[in-house]
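Next, two complexes with chain A in common: one pairs it with chain B, the other with chain C.
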Partner chain A sequence: MKVLGIESSCDETGIALYDTERGLLAHALHSQVAMHAEYGGVVPELASRDHIRRALPLTRKVLAEAGCTLKDIDGIAYTQGPGLAGALLVGASIASGLGVALNLPVVGVHHLEGHLLSPLLADPRPEFPFVALLVSGGHTQLMRVAGVGDYEMMGETLDDAAGEAFDKTAQLLGLGYPGGPAVAKLAASGDAHKYKLPRPMLNSGDLDFSFSGLKTAVLNLKNRAGPDACADIAAGFQLAAVDVLAGKSLAALKQTGMNRLVVAGGVGANQLLRDRLNAEASRRGFQVFYPPLALCTDNGAMIAFAGAMRFAHAAPADGRFGIRPRWDLSELRAPA
Partner chain B sequence: MHAPHDSAKQARFLPDEAATLALGRELSNVLVPGLAIWLQGDLGAGKTTLVRGLLRGLGYEGRVKSPTFTLVELYPLSSFNLYHFDLYRFADPGEWADAGFREYFNDQSICLVEWPEKGGDFLPRPDLEVRLDLAGEGRRVELAGVTEAGRRCMQRLATQEGHTGGDGSAG
Partner chain C sequence: MKILAFDTATELCSAALWLDGEILSRSEMAGNRHSELLLPMITDLLQQAGLVLGQLDGIAFGKGPGSFTGLRIGCGVAQGLALGAELPVVGVVTLESLAISAGVDKALVCLDARMNEVYSAAYVRQGDGLVCLLPPGVYKPDQIPLPDDGGWLGCGSGFASYRDSLTSRCGHRLAGMQPDIHPHASAVARLAAPMFQAGLGQPADRAEPLYVRDKVALKTCER
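So, the complex of A and B:
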C-alpha cells in the first residue's frame, strides 16, 4: 500500500510517499531555515502561507522521484494536529480534496505520533518498546513508546523547549540562527566550567524539564560578565542543557526498565549530547538510536508512515475533514 | 508625562521571579473578558512568567509553556478563553493577518500578546500595556491603561493594591 503523507502543522511543508512493501519511496521538505536566517528565527506564518504554494509542487516532486503518479496512491495521511489552525487547514484541505478526487481513504495523524514512530523508518530500527526523547525548538518531552498507538507522556518542559533555549541563548549572545549549531560552535572555544549555570529540575524527582531559568541565567551572566565571556557562557549553557537532557533520559530508562532510547528532534544533532548519551549507553548497557536528521525534524515521511500503520491496522479512515489544533497525545488509542 | 497620582499608570520594581508571578496574580483579579494586553520587554524579561502568574491567579494549574514555537497557546477557562500570543518569530507584520489571529479578539476572550511590535499596524489597539525591563537582577515593570476599559483595570489594581498592602514603589 502506498500512502501519501502531508505535514503542515507549523513551519515545514513536508510531503512523502511510503510503501508498506518497499519502504520510503521519496520525501521532500521545504525548510525555511536558510530563507529566514536574517530574522533570528524561523518564520511560521510566511511558512504557513507557503504551505499552500508549496504543497502541490512538493507532491509532484515526490511522485516524480518515486516514479509514481497520483493513480498509484492507495491512501492519504495528513497531520490533523496539534498545531496552528491556519497551517493545519492547508494540509487537511489538500488531503481531503485529493481523497475525494481520487476516491481514496484519508486519515488524520497526530503530529507527535509521527515523531514517535519515525525511528522505525531508520536503519537500524529500534524494536518496541523504547523511551523517546523528543527534543527540538518546539518540543522537549520524554515518552514511553510500547507500540503503535500505545504512548505515555512521561515528562515534558514546563516552559521553554530545549531548542528554544539554544535559539534564545544564541540571540542573547549575538549569534546567528539556527541557535543550536551557533552555540555549539562558540562553546567549542569556551570553558564550560568557568561559570556555574543552573541545571533546572535535574533533581526534581520527576521527568519534567524547565529551560526558562537557564535562559535568564545566561542573560544575567552576559550582562554581568560582558561580551568577552560569550564563549564561556555558551559552553556553560550547553553543558547545563546536556546534563539535564541526559540526566532525565537516564532516569526515564531506569523508571521504565527499558534498554532502548531514541533521540528525535533537531537538538538530537548536538554532538555533546550524543557523546554523553553514547558514553552512558556503553557504560550502562543500553542502546541509543538517532534517526537521520531529515526524519527528526518535522517531515512528511513520518506522517505517511504513521498513516500507513493506522491503515494497516484497519483504523477508521472516514475521510471526514477535520483539524485538531489542540490534541493531547493521551487521547490516542492503539488501532483495533 | 502623567502626574504620579495618575491611577491609569503604575511602575514597580520586581526583585525576583516570585514578584513577577505575584503581579500576575494581582492582575488576574482585575481583568475582564474582552481585554487585549500587550507585554513588552526583551528576551528573559519575564513576560511568560507574568502570564503564568496571571493564569495561576485565574485558577489554572496546568503547564504554561512558552508560545514562541506555537505562536499562540489557548487556555479555556470557565467563563472565557485566554490566548497567549508570542510574535517573536514573525518576520513580517502581515503574518498576523494570514494566521487569522484577529478572530481571537472578542468579548469572550482575553488576549495577551508578547512582541506585539512584530505585528505592526495589523494588531488592534491594546487596552493595557505592560513593559518589563531589566533592573539589575530584578525587573522594573510599567503598566498603563490605554483605553477606558484598561484604565478601569488600572484603577482596580491600585485599589486592590491598597487592600493587599502592595508598596507601589516606582523603583
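So, the complex of A and C:
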C-alpha cells in the first residue's frame, strides 16, 4: 500500500510517498527557515501562507521522483497536531480535499508519533519495545514505546525544550536561527571545559528535564566573559546539554531494563550527542538507533510511515477534518 | 458548463453547483467549523445532482479577503479537489461575491477585517457582471475610499461592526445598508462561470488566497 504523507505543523512543508512493501519511494521538503530568520523566529501566519504555496508543487515532485501518479496512492496521511493551528489546517484541507476527490482513506497523524517511529525508516531498524528520546525545538521527552500507539511518558522538560535552548543560546551569542547547527559549528572551535555550566536536574532522581536555567547561565556568562569567549561558551553549553540528555537517557534504559534507545527529533542530528550515545552504547552494551539524518527534522516521510501503520482499518474519507494543535502523545492508542 | 463553487471567507460556510445556469446550494452559519462542514456539503450536493467531480468543468472558491484561516481552508480544499480530479480552478474575490449576493446596482462593500479595519471595495452592476469602481483594500473605517456620487448600498459585516464610523464617513452617499449579508457560494459560481468560459481556469497549484492585509509581522530590523 502506498501512502502520501503531508507535514505542515510548523515551518517545514514535507511531502512523501511511502510504500509498505518497498519502503520510502520519495520525499521532498521545503524549509521556511530563511524566511522566518528575518523575523527572529517562526511567524505563524507567514508559515501558513508559505505552506499553501508549497504543498502541491512538492506533491507533484514527489510523485514524479517515485515514478507514480495520483492513481497509485492508496491512502493519505497528514499531520493533525500538535503544532501551529493555521499551518496544520493547510495540510489537513489539502489532504481531505484530495482524499474526497480520489475516494481514498485519510488519516490524521500525531506529529510526535511521526518522529518517534521515524527510526523505523532507517536500516537497521529497532525492534519494539524501546526507550525513545524525543528532542526538538518544541519537545524534550523520554517515552517507553511498547509498539505502534503504545506510548508511556517517562519524563519531559518542565520549561524550555532542548532545541529551544540551542536556539536561545545561539541568539545570545549573536548566531543565526535555527540555533542547533550554528551553536555546534561555533562549539567546534571552542574549549568545552573552559567554563563550567550547570547540568540542570541531572541528578534529580527522575527523568524530567529543565533547560531554562542553562540558558540564563549562558546569558550571565556571556555578560561576564565578553564577546571573545563565545566559542568556549557555545562548546560549554553544548557539552552541558549533551551531558543531561545522555544521562537521562541512560537512566531511562536502566529504569526500564530495556537495551534499545531510539533518538528522534531535530536535536538528534547533533553530532556530539550521537558520539556520546554511541560510545555509551558500546561501553554498556545497548543499541542506539537514529532516523536517517535527512529525516531528523520535520518531514513528510515520517507522517506517511506513521499513517501507513494506522491504515489497515481506515474507511474512505467522509471529508470532515479537524486539527489538534495541542495533543498529548499518551492519548494515542494502538491501531485496532 | 458545470462548476463546483464554495466560500469559507466568513462565518457563513456555503457550497453551490452551477449546472448550465441552474444553481443548487447549501449554506450554514459555521462559526469556526468550516473544516467539519465544507466537504460533506460538497459531497451532498454532488450526490443530489447525481454527479461526480470528474464530470465537472472546474472548481471555484472564494479567495478573499476574509478570515485568513477560512481562506486557507477553502483554498486548500480547492487545491486538493482540483489536484485529485484534474480540474481547473478560479478564485473569486469575496467582496465581489458579496456585492452579487446583495443583488443591488451599486454596492459599497465593507467586510470586518478585525483590528479596527475593514476590507472595502465598490462595485457597479453591469449586465450579469460587475464593474469594480474602487478596488479591494484594507482601511480604517473612517478612511475608506469613497465614490463621488450617491445611491450606494452599504453591504457586509463592516456596517455592523463599525456602523457609526462608516455611516459618518459615507454620509449622503449611502442609500441604505445590508450589514447582515454574507458572501455566498451561489455568487461565487455566477462570477466564476464566465471566467471559466473565458479560459481563466488555472492548475490547482496556482490557487492562492487573496489576503489584502499583507503586513502581518515586523522584521527584526524594523522593530
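The rule is short, and it goes like this: the second predicted complex is superposed on the first by the 316 of 336 C-alpha atoms of A that agree within 3 Å, B and C clash if a C-alpha of one lies under 4 Å from a C-alpha of the other, contacts with A are read in each partner's own complex, and residues count from 1 in each chain.
Here, a residue touches a chain if its C-beta (ideal position, glycine included) is under 8 Å from a C-beta of that chain, and two chains touch if they have at least 3 such contacts.
As the structure is a computational prediction, the values presented were derived from the model and not from experiment.
Peer 1: Figure out whether A:168 sits in contact with chain B (first) or chain C (second), or with both, or with neither.
Peer 2: Only chain B is touched by A:168; chain C is not.
Peer 1: Of the two partner chains, chain B (first) and chain C (second), which one does A:159 touch, if any: first, second, both, or neither?
Peer 2: In the superposed model, A:159 contacts chain B only, not chain C.
Peer 1: By the touch definition at the top of the document, which applies to A:2: first (chain B), second (chain C), both, or neither?
Peer 2: Touch partners of A:2: none, neither chain B nor chain C.
Peer 1: After superposition on the shared chain, which partner residues are touched by A:321: those of chain B (first), chain C (second), both, or neither?
Peer 2: Only chain C; A:321 stays clear of chain B.
Peer 1: Touch check for A:216: first (chain B), second (chain C), both, or neither?
Peer 2: First partner only.
Peer 1: Report for A:137: first if it touches chain B alone, second if chain C alone, otherwise both or neither.
Peer 2: Touch status of A:137: first partner only.
Peer 1: Can A:30 be said to touch chain B (first), chain C (second), both, or neither?
Peer 2: neither
Peer 1: Quick check for you: in the superposed arrangement, does A:85 touch first (chain B), second (chain C), both or neither?
Peer 2: In the superposition, A:85 contacts both chain B and chain C.
Peer 1: Could you give the residue numbers on chain A that contact chain B in one complex and chain C in the other?
Peer 2: On chain A, the overlap between the chain B and chain C contacts is residues 39, 43, 45-46, 48-49, 85-86.
Peer 1: Please output the residues of chain B touching chain A within their complex, sorted ascending.
Peer 2: Residues of chain B touching chain A: 17, 43-44, 48-49, 52, 63-66, 68-72, 74, 88-92, 94-96, 98-100, 134, 137.
Peer 1: State the interface residues of chain A toward chain B in the complex, per the touch definition above.
Peer 2: Those residues of chain A that touch chain B are 10, 36, 39, 41-46, 48-49, 83-86, 137-139, 156-161, 164, 168, 171-172, 212-213, 215-216, 218-220, 223, 325-326.
Peer 1: What residues on chain C touch chain A, complex-wise?
Peer 2: So the residues of chain C touching chain A come out as 35-36, 38-40, 42-43, 53, 68-69, 72-85, 204-205, 208-209, 211, 216-221.
Peer 1: Using the touch definition up top, name the residues of chain A that touch chain C in the complex.
Peer 2: 38-40, 43, 45-46, 48-49, 52-53, 55-57, 59-60, 70, 85-86, 89-102, 317-323
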